[in-house]
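First chain A sits with chain B, and in the next complex the same chain sits with chain C.
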Partner chain A sequence: MSELFPLKQVMGFALSIILTIIAAGVYFLDGISFPIIMTILLVTAFIQAGLQLVVFMHAGETDDKSAIYTNIYYALIIALVTIFGTLLCMIWGYL
Partner chain B sequence: MKVDQSLPLEYSTEQNKNNILGFWVFLGAEIMLFGTLFAAYFVLADRTGSGPTGVEIFQITPVLIETFILLTSSFTIGLGINAMRKGNLKAMITFYVITLLLGLSFLGVEIYEFVHYAHIGAAITVSAFTSTLLTTLGTHGAHVTFGLVWGILIVYQLIKRGLTPETANKSFIFSLYWHFLDVVWIFIFSFVYLKGMI
Partner chain C sequence: MDYFERFAIPHPSPAIYASMVAIGFTVIALIFVLTYFKLWGYLWREWLTTVDHKKIGIMYLISAIVMLFRGGADAIMMRAQMAVPNNTLLDAQHYNEIFTTHGTVMIIFMAMPFIMAFMNFIVPLQIGARDVAFPRLNALSFWLFFMGAMLLNISFVIGGSPDAGWTNYFPLADNEFSPSVGTNYYLFALQISGLGTLMTGINMIVTILRMRAPGMTLMKMPMFTWSAFIANVIIVFAFPVLTVALTMGTFDRLFATKFFTTTDGGMDMLWANFFWVWGHPEVYILILPAFGIYSEIISTFSKRNLYGYKSMVGSMVIISFLSFLVWTHHFFTMGQGALTNSIFSITTMAIAVPTGVKIFNWLFTLWKGNIEFTTPMLYSMLFIPTFTIGGVTGVMLGMSAADYQYHNTMFLVAHFHMVIIPGVVFAMLAGLHYYWPKMFGFMLNEKIGKITAWVIAIGTLLTFMPMFFSGLDGQARRMYTYTESTGFGIWNMISFIGAIGFTIGFMLIVYNVYYSIRYSPRNIGMDPWDARTLEWATPNPVPFYNFAKQPHVNSVETFWDSKNNGHELFPEPYEDIHMPSNSGMPFILACIFFAWGFSFVFSMWIPAILSTIGIFICMALRSLEKDPGYYVTVKEIKETEKKLRGVQ
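And now, the complex of A and B:
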């Protein structure tokens, strides 16, 4: 039975549950300032995304590892530049 | 067809390796797609016009249910791939079916949520906020719906053909897709719902 529930994946699942609870904490706890909330959310979200990628999607296990990571980093950079570039020219530039 | 026995079944042929890499490139494009949706949402989130704001319409309970359902389904499909690599077809199909049932319940809660929004005056045409919100959520929900259909066809092929290099490859690629949907949801959960509720 235990071979169907490998420790690595069970730990990965437990960690993602914990991170979700920490993130949800910003809603249930009062008196946290906005910058701290955003920091908590950013940290928990990106750790969770990395967890999925490495533990569950087996991104680093095969010969195509570097191609996979290059592709993901490239996509991530484009997405982040799109998001923050849009915020910069549509909102933050006019504060 | 050359089959390399030293590699997991889903990686065993040249075609299989290329399929998997090709799918990662597709997921890269999906990251950019959701990036543009998030960009639009963040800019327009405060443009509520005469409609309701995020704080007024978001409810924590269905959102938490959706999050835990999707996290669990991501875990069970991971166990499915583990069972596949151990050659245990029966356990693999069981995990895949559990995953699809969880996906279906996720969709049920999301549909309830959308009906509720429409009911309380937050339909897609009300304001810039509701249009970008429902477009972002809806694009994710449409991906889950497509994933359900795809997953059912995968399970059907597994039952019919058993574990071959092809079916293993298709199942692995489907698991990548499913995990990716969970990753997107984590960002929706954090930066649409939680950020919108404080």
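And now, the complex of A and C:
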């Protein structure tokens, strides 16, 4: 029975719906500060992206698993470095 | 008539009218020659529709050399204007346009296609493949680059050239301060050719990862292929930033958005930030394949394997990562605090470490090698000391506190020319001499080649060393003139003399090509340099299918092993070869892209919409088309091989 029922995919689908509802729900909440809103959005967005990659885009299910993850981690690091570096130059470190 | 007034030049001069006439005559002459010798069919069948990576490589090469002369002419005009104080050869506006075009042409339309030429021509041969992974995409990449280059090059006769510097900093580049369409040309030319570069990046990565000959593991790839691989990884991660920044700039100029404005919540320095997030990795996209070419040449002419193969690969991987961590050093003086600047100072200096590893590896390759001084080797040897001057001054500029003194002076200009000219241009010229017999079946004259190498090297020092001094004395870059009392006159005059040296050097290259076409012997065999890697295992000229039989690889220098250590390179029998068929679609699509860019430059919305639809129609046709390619039979292969290699 467990082979026939795609438990992983159904769980993934449910989780992605829940994450979407949480992210969209931020719009309807009054009285919370901007940093908290951004934190909620960022956290849900990253979990959502990881979920899509692993569950629905089948990263890690083929032989070139290591190449795919190397690529993703490299991209992630460069994106984070670019974003935080830009924030450092343009806002935090700007006199 | 009002409609056509937008195409007029905002700052006309006799020189520009003369260029218009010259361009007109050249086009007429070209059409006449093509028609008179009935070459239209040949041009269409053999070049415009080709998907052969070798022909595409040669077209990249020709474009790069043409653009080298175009950018070089700009450089000569600049140096002539600066040669004496208070010169009036050019006015401020023309000087702005010329240094902008010089920078853009040299980086985007000369250096990039030059490395693309070698990547296209050499990489599939070096890994034992019959073409790149996506041959038609490769043709599209080339034609998009070409149309982007043409779009920028017509700007000075139609509508006016860009004049905000090759870095195109907003808000200077915004409508308020750059009202002519020149900056639109810049944005669209770079956008179109950038698309082509991005496609090449993906194409080359897939080619190198998926199409290597049996036995060639990643750590048995020749060094040029490794460098091309790393460069293309950087392309794929860096170019999207340029694409996005150009789109935002375009929206600011054409649709009145406020990304880079000083008012309404725009961030005026954000463009500079984005530009250099792309721009610094771009430097390494150019220099790594150049390093790869040097590695091949130094190893071949030292008759030794490359010293420290693994550390070469490792240092390139580290460079590819560090190249994304340093961009702020291009604007240390923007106004960030000491902490931010210090962080980027340290990452900048860290890049000197892997680069130093490479330099030492080359020196150790030479150590106890059996060195033969050919023209490519001479360029490589001239590269090491000259490049080191550029590198050391780079570390000086990288110290953020000291950078306040150097920033935007001629010291900076001297630094990056002393890096890019020995690093990239010498490498391309060395590669040109080295791979010329593989591309065209005869050698370039060695004697003229060596004289040229010395003339160009002396020209480099003579042109750019004085700028270090005038820069430290306070001469700012991009100033169109200066007074006599500044004392810059003598330095700039020496620079001008050096620039004349450059001109002579490039004339000598042209003469060398002419001389060698006429007098160079054609029976040079397939391996005139006694080289070490797989590309030299093909006959001259290389047949369109590259390798008649699938090569088998046992080491980094598999061809050397097959010559000297009894490795059997082609153990398999002949088999039918599957080849991609030609297509006119990439050329047509790129032409539509040209019209698309041109329409946007002049805000002509109806042609812009029509050409956008045309682009999507082309892509839809491509998606629905079935292109199974074709097979070359064993009989045809045997006949071709017999003709090329003699009896076999």
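Following the convention adopted for this analysis, the second predicted complex is superposed on the first by the 89 of 95 C-alpha atoms of A that agree within 3 Å, B and C clash if a C-alpha of one lies under 4 Å from a C-alpha of the other, contacts with A are read in each partner's own complex, and residues count from 1 in each chain.
Criterion: a contact is a pair of C-beta atoms (placed from the backbone, for glycine too) under 8 Å apart; a residue touches a chain by one contact, two chains touch by 3 or more.
All figures in this text were calculated on a predicted structure; none of them were measured in a lab.
Participant: Record, for the superposition on chain A, whether partners chain B and chain C clash or fit.
Facilitator: clash
Participant: Looking at the overlay, does A:11 come into contact with chain B only (first), chain C only (second), both, or neither?
Facilitator: In the superposed model, A:11 contacts neither chain B nor chain C.
Participant: Kindly classify A:95 by the partners it touches after superposition: chain B alone (first), chain C alone (second), both, or neither?
Facilitator: A:95 contacts chain C only, not chain B.
Participant: Look at A:44 in the shared chain and tell me whether it touches chain B only, chain C only, both, or neither; answer first, second, both or neither.
Facilitator: It touches chain B, and chain C stays clear.
Participant: Just chain B (first), just chain C (second), both, or neither: which does A:76 touch?
Facilitator: first
Participant: Could you figure out whether chain B or chain C reaches more residues of chain A?
Facilitator: B
Participant: Touch check for A:86: first (chain B), second (chain C), both, or neither?
Facilitator: both
Participant: Quick one: is A:23 in contact with chain B, with chain C, with both, or with neither? Answer first, second, both or neither.
Facilitator: first
Participant: Intersection of chain A residues contacting chain B with those contacting chain C?
Facilitator: 67, 74-75, 78, 82, 85-86, 90
Participant: Could you please specify the touching residues of chain A with respect to chain B in the complex?
Facilitator: So the residues of chain A touching chain B come out as 3-6, 9, 12-13, 16-17, 20, 23-24, 26-27, 34, 37-38, 41-42, 44-45, 48-49, 52-53, 55-58, 62-64, 67-68, 71-72, 74-76, 78-80, 82-83, 85-87, 90-91.
Participant: Looking at the complex, which residues from chain C come into contact with chain A?
Facilitator: Counting only chain C, the residues touching chain A are 209, 237, 241, 267, 269-270, 273, 277, 321, 324-325, 327-328, 331, 334-337, 339-340, 343-344.
Participant: Residues of chain A touching chain C in their complex?
Facilitator: Answer in residue numbers: 67, 74-75, 77-78, 81-82, 85-86, 88-90, 92-95.
Participant: Taking the complex as given, what residues does chain B use to touch chain A?
Facilitator: So the residues of chain B touching chain A come out as 7, 11, 17, 20-21, 24-25, 27-29, 31-32, 34-36, 38-40, 42-43, 60, 64, 67-68, 71-72, 74-75, 77-79, 81-83, 86, 88, 91, 175-176, 179-180, 182-183, 186-187, 189-191, 194-195, 197-198.
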